[in-house]
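Just below sit the structures, each encoded as structure tokens.
In the two complexes below, subunit A is the common chain; its partner is subunit B in one and subunit C in the other.
Moving on to the complex of A and B:
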């Protein structure tokens, strides 16, 4: 049973097909509780794909089923958006209120909830992103990482089954990125949410259960990170750099030092290098 | 971003913070009437004292409360000079080219500046002491009668609220872009008028583009969180006005009566 099933999705932002497709026949499945990273450079179609999952753009060609709901049916759109929460890239452009608790209440209120139930949700999601006590603060005064955690909380307040992160760390400084990734790690290990993470950092994709690589609106390949991220040829075709640890592995190999396996993260690389000395 | 942009809600626990947003909005309209009607010294003193009083009640630092009004000082100077020179040409003290300064103009200019300043300050105190969504709900409630004329009241209130919040953000963005253009040789600081005017276009175009981009993203983010324009948002349980709300309104009505009463 898949929570997301895309079949041959095709989409163009232009009227004539000659202008090319942003999404050119993408088929993809995601299982409940899975964390999928969609990796691709700018203009590879990954954001367009993410927007499809939340039906923020109309389905032009192909089929898309989210939590058993057919995305082509207009009556399903709002149910799908409730099932699939989406966090955007720029934390500054996602807030509707300059008070954190009001902003977090925005989603649930749109679905007709009010009063104590909403207050309870707000409390719970703030705790989930480790920001209890920020209820009365203004998002404008928070750091980038904190802003994005609030944005994640705003989406979690709707209790979606799927959380889509559209380059949610791209505008953050290293510390802010770590904060957000930590939340994602927690959500991944919790196993309750399905996570779809759009990114152009191979390093970030390493934390996913599965990685799909996109280029030119097409899916170039997918598989477990250990396989995909170590595939230099595939990443090269997608215009991406392998993670630092993978590059180090191949550089060392060229120099005649063969590590037992290809590491994906800095920590793994360090663990493999230390016994050598 | 350095500090809270001017004009945005500042959490607090003053009498004004605790007033019902609807009462505050109504009070602002009454105050608007009173400020416009005040045309003698006594009336002006009364509204000035009143605005001073609410600024004091809000517990906000003076600079914060009056900040965005003070930012318009050049605009105020311009209105003042326009009135001074052109308001009553037939009673001019002196004539130099098209400029005809008059006593009436002096008074009129001062009065206009005084009124606009007070209204800005009062409006500022309202947005500083009321959380944005509470203000939205208040506006929606006030505009409700217009709903009968098929005006999408909820959407109008949401637009106003989001617009108010993005003013400071856009001001900040304007400043960033201004610096960027200066770094590339734009002459905002030139004393030559035509150079200054020429520098405005490279400022306005990117600011507008950025604003549209922001609006677009915000709209997507709102839709992704289930906002459906036209669908009524659930009303927070409508609390009746409390004693403080009625008192605030009474004071404003009184002020209005005083201002309108002939002396």
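Moving on to the complex of A and C:
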């Protein structure tokens, strides 16, 4: 059973072949509990794919099933959106209220949850993203990183089955990034949520179960991070760069030094070069 | 062009329950052709500092001088500032509002006395610098671009005016890895031609490679200001300020805790590599 099954999705924002396709025949499956990272250069179609998973654009060609629901059927759209919560690339596009706590409560209340339970959840998610004390502030009048934390809290408050994060860590400071990645790691290890994470940082993709690489609206390759992130030829064709640890692995190799495996993080590299005795 | 902030204080929503002192007496002088990286934890005042420096928010106290002239003094011509200063906001997609790319990118040239041909030339060059084909995109609507492409458009809009000072707020967030490298190389080149650059980023690896000087804000106060090697080796204070010195520096520190001798000024990948090689060779034996 897949939670997401896309079959040959095609999409043109202008509904014309001559204008080109932003998604050009993407087939992809995601299992429940899986964490999928999506890499790809600017304009390669990542956000367009994410918009499909949430049916924010109509399915033009191909098929998409989310949690067993056919996305082409208008009557399923609402249920699919309840299943897939999304953090938008630009947080300003996500806020619906001018008060943080109301903004966070809006989604859950809209889905019919009771006031007390929602208030408690809002408190918890604000704490999780390190934004307790900002309840009465306006989300639009926050710093960039603060906005992004609230946007992430928004999807956590919804507690959806599938979380889609479109470059949700781009503006975070090191501590915020660590905290959010830790939340994602916990969700990943919990095994109950499905995570789709779009990112420009190969280092972040390393924590996923699987990495997909997009280019020109197509899926150029996919596989476990250890395979994809060490595949220089694939990354090169997609206009991407490997993580620093992979770069080091090949620089060492060029000098005749072979490590037992290709490290994905600098921590792994250090462990290989300089093991704790 | 030089830029100087003198004892700048800026308070949002003054005299209300939400009052927030975002800048609390910041003084900073940046000379012609300097490349300064501005860092600090979320909400410490980096974007506020750039906006005050750009003449967009009058400080409650203190002032800003551009080439020695007080830009908040009565009678100072703001339109001149627009031509000389390029400002890229943190979420620049919000800045895009024209109907075509050509209009969007030439917006900053509206007050200049350039001819049509000169304007077109400027727009064409600026678009090429950020990786677009002018003929292909000029008539397109900026709304039909991806997130990163919109950022590139906004960058082109800033470059078209050929400003003497660039104030860039997280310009590489949202760019793909190659785009990041190309943009930073371009900024380096402009800097070499005498353009003054202030660049806000949480990406310490990028700043270590490109900025020569680092300024760190903490709670609206200037916490550090100095050469990048020096600031990035103040490890304990960096942790307190919520700043990471980047992957290479973090790795060097890990090696140190395992008894390796790595000097404190190793902050870039190129400087780290010889030590990795040394350990790799030892491991082989």
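Rule of thumb we're sticking to: the second predicted complex is superposed on the first by the 232 of 277 C-alpha atoms of A that agree within 3 Å, B and C clash if a C-alpha of one lies under 4 Å from a C-alpha of the other, contacts with A are read in each partner's own complex, and residues count from 1 in each chain.
The rule is simple: a residue touches a chain if its C-beta (ideal position, glycine included) is under 8 Å from a C-beta of that chain, and two chains touch if they have at least 3 such contacts.
Fair warning: this is a prediction, and the values are worked out from it, not measured in the lab.
Residue contacts after overlaying the shared chain place A:115 against subunit B, while subunit C stays out of touching range. Legend: residue contacts after superposition of the two complexes on their common chain; A:81 is shown touching subunit B, with no touch to subunit C.
In the superposition on chain A, contact is made by A:54 with subunit B only, not with subunit C. Judged by the touch definition given at the top, the superposed model places A:92 against both subunit B and subunit C.
Residue contacts after overlaying the shared chain place A:154 against subunit B, while subunit C stays out of touching range.
Once the two complexes are laid over each other on the shared chain, residue contacts for A:133 go to neither subunit B nor subunit C. In the superposition on chain A, A:107 makes contact with subunit B only, not with subunit C.
More residues of subunit A lie in touch with C than with the remaining chain of the pair subunit B and subunit C. Within the superposed three-chain model, A:267 lies in touch with subunit C and out of touch with subunit B [touch as defined at top].
Where the contact sets of subunit A with subunit B and with subunit C meet, they give residues 90, 92, 136-137, 141.
Interface of subunit B with subunit A (complex): residues 1, 3-5, 8-9, 11, 131-134, 161-162, 165, 168-169, 214, 217-218, 220-228, 231, 233-237. Contact residues on subunit C toward subunit A in their complex (touch as defined above): 12, 17-18, 40-43, 46-47, 90-91, 93-94, 144-149, 152, 169-170, 173-181, 202, 204-205, 242-244, 247-248, 250-251, 254-255, 258, 260, 269, 273, 276-277, 279-281, 283-284. Across the interface of their complex, subunit B is touched by residues 51, 54, 56, 78, 81-82, 85-86, 88, 90, 92-99, 102, 105-107, 109-115, 136-138, 140-141, 154-155, 158 of subunit A. Of all residues in subunit A, those touching subunit C in their complex are 13-14, 40-43, 47, 89-90, 92, 136-137, 141-146, 149, 166-167, 170-177, 200, 202-203, 239-241, 244, 247-248, 251-252, 255, 257, 259, 266-267, 269-270, 272-274, 276.
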